[in-house]
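Same chain, two partners: subunit A is paired with subunit B first, then with subunit C.
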Partner chain A sequence: MSAPLRRLRETPRHLLVCERSHVRHERSRHAARVRGHAYNCRVSFLIPECGVLPEPLKSVTTDMGEYYLVKNLPLHELVAQEFISAFVKTGSCYALSYNTRIDQDNTAALLPTDCHSPLKHIGKLILSVDKDTYEELGLQGRPSRYSGKKIMRYIITIDLTDSAFHSDSKKYKRVLWALRDKKPLEFDFLLSWHHTGADGSTLMSYFSKHQIQAHQPKITFSTLRNLQCPVLCSNELQGKPEESCSAQELFEWLGAVFSNVELDNKSFSFVSTYCCPEPSTMMDQAYLCTITGFILPEKIIQLLDQLCAYFDDPKLAQWVTLTVHGFADSPVSWRENEHGFQKGGENLYNFVVFRSLDYWLQMAVGANDDCPP
Partner chain B sequence: MLTGLSFNFTLRLYSSRNENMSQSSLYNQNAKLGYSTVAINHVIDFKEKKQEIPKPISPSELLPSLPIIPGKLKPIKIVTRLTLVVSDPSHCNVLRATSSNIRLYDIIAVFPKTEKLFHVACTNLDVDLICISVTEKLPFYFRRPPVNMAIDRGIYFEVLYTPAIKDSTMRRYTISNALSLVQICKGKNVIISSAAERPLELRGPYDVANLGLLFGLSESDAKAAVSTNCRAILLHGETRKTACGVVYTMKKPQPVEEEEETLPACKRAKTQV
Partner chain C sequence: MAEGGAGEPPPPPRAPLERLVLKNAAEHHYLRVSLEFPDGGVRLNAAHFKQLVVSALKELHGEVGAALPVDVLTYDEKTLSAILRVSSSGFVKLWSALTLLGSYQNRKCAFRVVQTSPFLLALSGNSRELVLD
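Now for the complex of A and B:
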């Protein structure tokens, strides 16, 4: 009888990894972490004591790049040699199936970077399929790590830029046969392509036969007034009592701010009893900007650089934060770590950049996830 | 963050009346909550005099078009289910009859009222689900041997949650009965379903999985109770139409008569199904 009660008191498994470094440090891994998290659906930044956004930041936020939504795209089109040579090998091509749930449907994703050589352009097609589809498809994969005793989910990884994956190889023929003839799979895809250099053909023209639409990320700006915010000390990740708050308290406070929760624990409020962690200061205003869409890591790195450049001129703010949420239904979280959806599919990271260009990086995942790197 | 509450499998509806208006709102609510398969339940209580088992209603008769689950592009799937409330061993004979309409249902469930019938249901009867009473104190205790035999045969136990929404006494009975079941079966082969007659009595799949924690299931068992176990029940029901679950027969469409006459009798196909 006591086992269920004990279980009720425990919260579902979740992980929060906090690390601290300096932006200009030669071994700082902030760019690698951002590049490792391929699929981002929401980016928000909060600048305390700021009423108007400076021009360089505004131009970066409005130029977050466009993404495309293709409906009913057969999966074998992503394995076609023309697609690979036109987009996968010449730039970073990101694709994620849209409107599919990771815990019940088949999901497909195209990852552009290799964990070992981040500058080389490669393409890995990752399929997360259920048991019936796996048995009908005929490609080799491994069981999902979060499947339990009865395996219900399999992950298939196909390296598209492998030297053995050219038109005459047996491997290519098998993959094409499985995806085109044996079990044709079709998804709606969110696509984006980052490339440097000459333009050549674009995704819009390549997929003109299918229903492709270009979308711009949605941007909202708001100014928060009279906000209580915690005092932070860049050297103390754990916080010192009476002097500064810890990284976990900041994380919770940030979540409360993004959810528009009242922070003063009024006695008549039924929604929340959350208070701002002590010690705290009262800010007159803070600038909050949220960008929603299919956002590429390369754009996030540009935004992060601009936020660091915000402190080039003397400012009232002690720190700024940049929060990036990943898709709840993507098959991977960081690099090729598998991502699952137990009761929530959160995989997000948060940068806190201080005036001295020290930064805190917090990476959080939910229940069915590997530990972030 | 994408927050789609769309989910995998079943939810049981309890309706033996044909009120089309309320039913379409039930299906819409199901699709909105994110269930992808719904089972319509017909309850046959043998205590009343001589009940004939009706043919199952086909889903296309109920609704002209099935509601589409938001966040996906597929419509909801509707299957049919029959529940037999048995309080006497002679009531089980209908399951062995080959000519009745029982074969047309996708899932067959039995609701035993006595310990002997529970034992018979776990060991002998050809059913997919055994319902556990949640509205009254359990008339008998569960014992491990028949429950383990049922698990080996692929039979699942069903706990309802809608009576718990309606009344606080039934809430106590639901929790205590479910706890004793889960203690004996160790969390395996349990599903949680609703017996909703109105859209307000439905709850989302993740909420129902959380309710499973209260019944003593672990996190993964509770989620399986709403998803993979239900899929297993549907497959178990399908094997009743096959030979031992291995061979599946389908009627071949009859060839047109005129083509056959041109061939001499000896050359006509020997097997004519």
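Now for the complex of A and C:
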């Protein structure tokens, strides 16, 4: 086949990582995976054979935490010593610029201090800026990994909790000068702060001089009737013909369920030939809940714990799933791995928790992303 | 949790029990599209919509293109929007054919490709559609 024709058949790079482990296994890293994925815009869970949510699960679902939208916030406010000592050093402070597209605009994000690894993952401000802004700013950065031969995008990382980043240091003064005087940047920010024992509304009063709105995550519930579900076997990640479906098949099926795709098409149907993967079983009902907003990993861990606790009492369901979608325009996906938007900017993961508390974890990224951890 | 940072020795192995990395393994690609008529007022059912997609493929890529298996997974008659599934090797062909389609029954029209992904699941959560206020 000639080269141009072959190129016509190629698709952008994409990765799907599937893991299998047990929630109680000492080497299980499910919590680290959740914690490492800082910016999440949608969380959904599906429980087969469930009509009413148990109370603990319901209360976690309805308490996914308030988040804030601050309009036109000058970026230097996030490097102010007052802000750093009040929020960044004392809890997990998350910020992500809102309505900025990483393939064309400047984007900023504040990664929280991770109390579980105090030395490695510390309050960092990450800027993904175009070439012109980078040159005007005059801060040290590195070329984006996904900007091609002619570098048009740069990544600047500012370590806010570095000991050399105090109000008298040269470094601090330089950063403040760059962001306040040299090239003032403003963004609308999504903000959230997690700190045990404290109320997030402290953020609201801190930024009261700016236009700030509080938002609650939007929650939708639905009960799906007569749902055809694939049969899964926790030990068989790749599935077994005639016995169980693979993780990949489940991933597609879940997408079909979330998008309300017909699952019982005939193979000769003109419009669509998609069907539920085989083997499958018919379920009377399934409970689907979707939460949309700026959702913190800490809350997702609580939700995951409650989903595991769902199996404390005997249940009809063999497994439950928890799906988390990341922001397509965040400058990082997992941890500090650079993220970009080529065709879709997808960065998402999905847990399948089995009755035995074995779990599958699927992590998917698109073309401009590192391999998930 | 021990996570590897730059310039540090790799953390001790804390591997999961089993890990599979599937690179470019998606059999299908998915597109969320909507059809626009500048004059409006055109009604199409799912079968006609599919027929339009096939004719777009035929126009640009000939009989080979028309034979490409495309599924209309969902279709909304009111908004003329749909989710399409195509085998990964036909993704570029389908996208190009949709882009270059200009008319339906002598009326001007255009396909807008709203979102694409190798993962159907990704189409159910688009952060660019997160509208606050």
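Details
The criterion applied here is as follows: the second predicted complex is superposed on the first by the 351 of 373 C-alpha atoms of A that agree within 3 Å, B and C clash if a C-alpha of one lies under 4 Å from a C-alpha of the other, contacts with A are read in each partner's own complex, and residues count from 1 in each chain.
Heads up, the rule we're going with is that contacts are C-beta pairs under 8 Å (C-beta built on N, C-alpha and C of every residue); 3 or more make two chains touch, one makes a residue touch a chain.
Note that this is a predicted model, so its numbers are computed, not measured.
By the touch criterion stated above, A:342 is placed in contact with subunit B alone, subunit C being left untouched. Once the two complexes are overlaid on the shared chain, A:104 sits against subunit B while remaining clear of subunit C.
Within the superposed three-chain model, A:328 lies in touch with subunit B and with subunit C [touch as defined at top]. When the two structures are aligned on the shared chain, A:170 is found in touch with neither subunit B nor subunit C. Residue contacts after overlaying the shared chain place A:32 against subunit C, while subunit B stays out of touching range. Of the two partner chains, subunit B is the only one touched by A:150; subunit C is not. Look at A:248: by the touch rule set out above, it reaches subunit C but stays clear of subunit B. Taking subunit B and subunit C in turn and counting the residues of subunit A each one touches, the greater count comes from C. Judged by the touch definition given at the top, the superposed model places A:261 against subunit C, while subunit B stays out of reach. When the two complexes are superposed on chain A, the residues of subunit A that touch both subunit B and subunit C are 7-8, 12, 41-42, 101, 325-329, 343, 345-346, 348. The touching residues of subunit A, when paired with subunit C in their complex, are 7-22, 25, 27-29, 31-32, 35-36, 41-42, 44, 69, 98, 101, 116-117, 120-121, 213, 215, 237-238, 247-248, 251-252, 254-256, 258-262, 270-274, 292-293, 323, 325-329, 335, 343-346, 348, 350, 361, 364, 366, 371, 373. On the side of subunit A, the complex with subunit B involves touching residues 1, 3-4, 7-8, 12, 41-42, 99-101, 103-105, 148, 150, 152, 188, 325-329, 342-343, 345-346, 348, 367. Contact residues of subunit C toward subunit A in the complex are 1-3, 5, 8, 14-26, 28-30, 46-47, 50, 69, 71-75, 83, 85, 88-93, 115-128, 130, 132-133.
Listed in rising order, the residues of subunit B touching subunit A in the complex are 1-4, 6-8, 36, 71-73, 179, 182, 206, 209-210, 213-216, 218-220, 223-224, 227-228.
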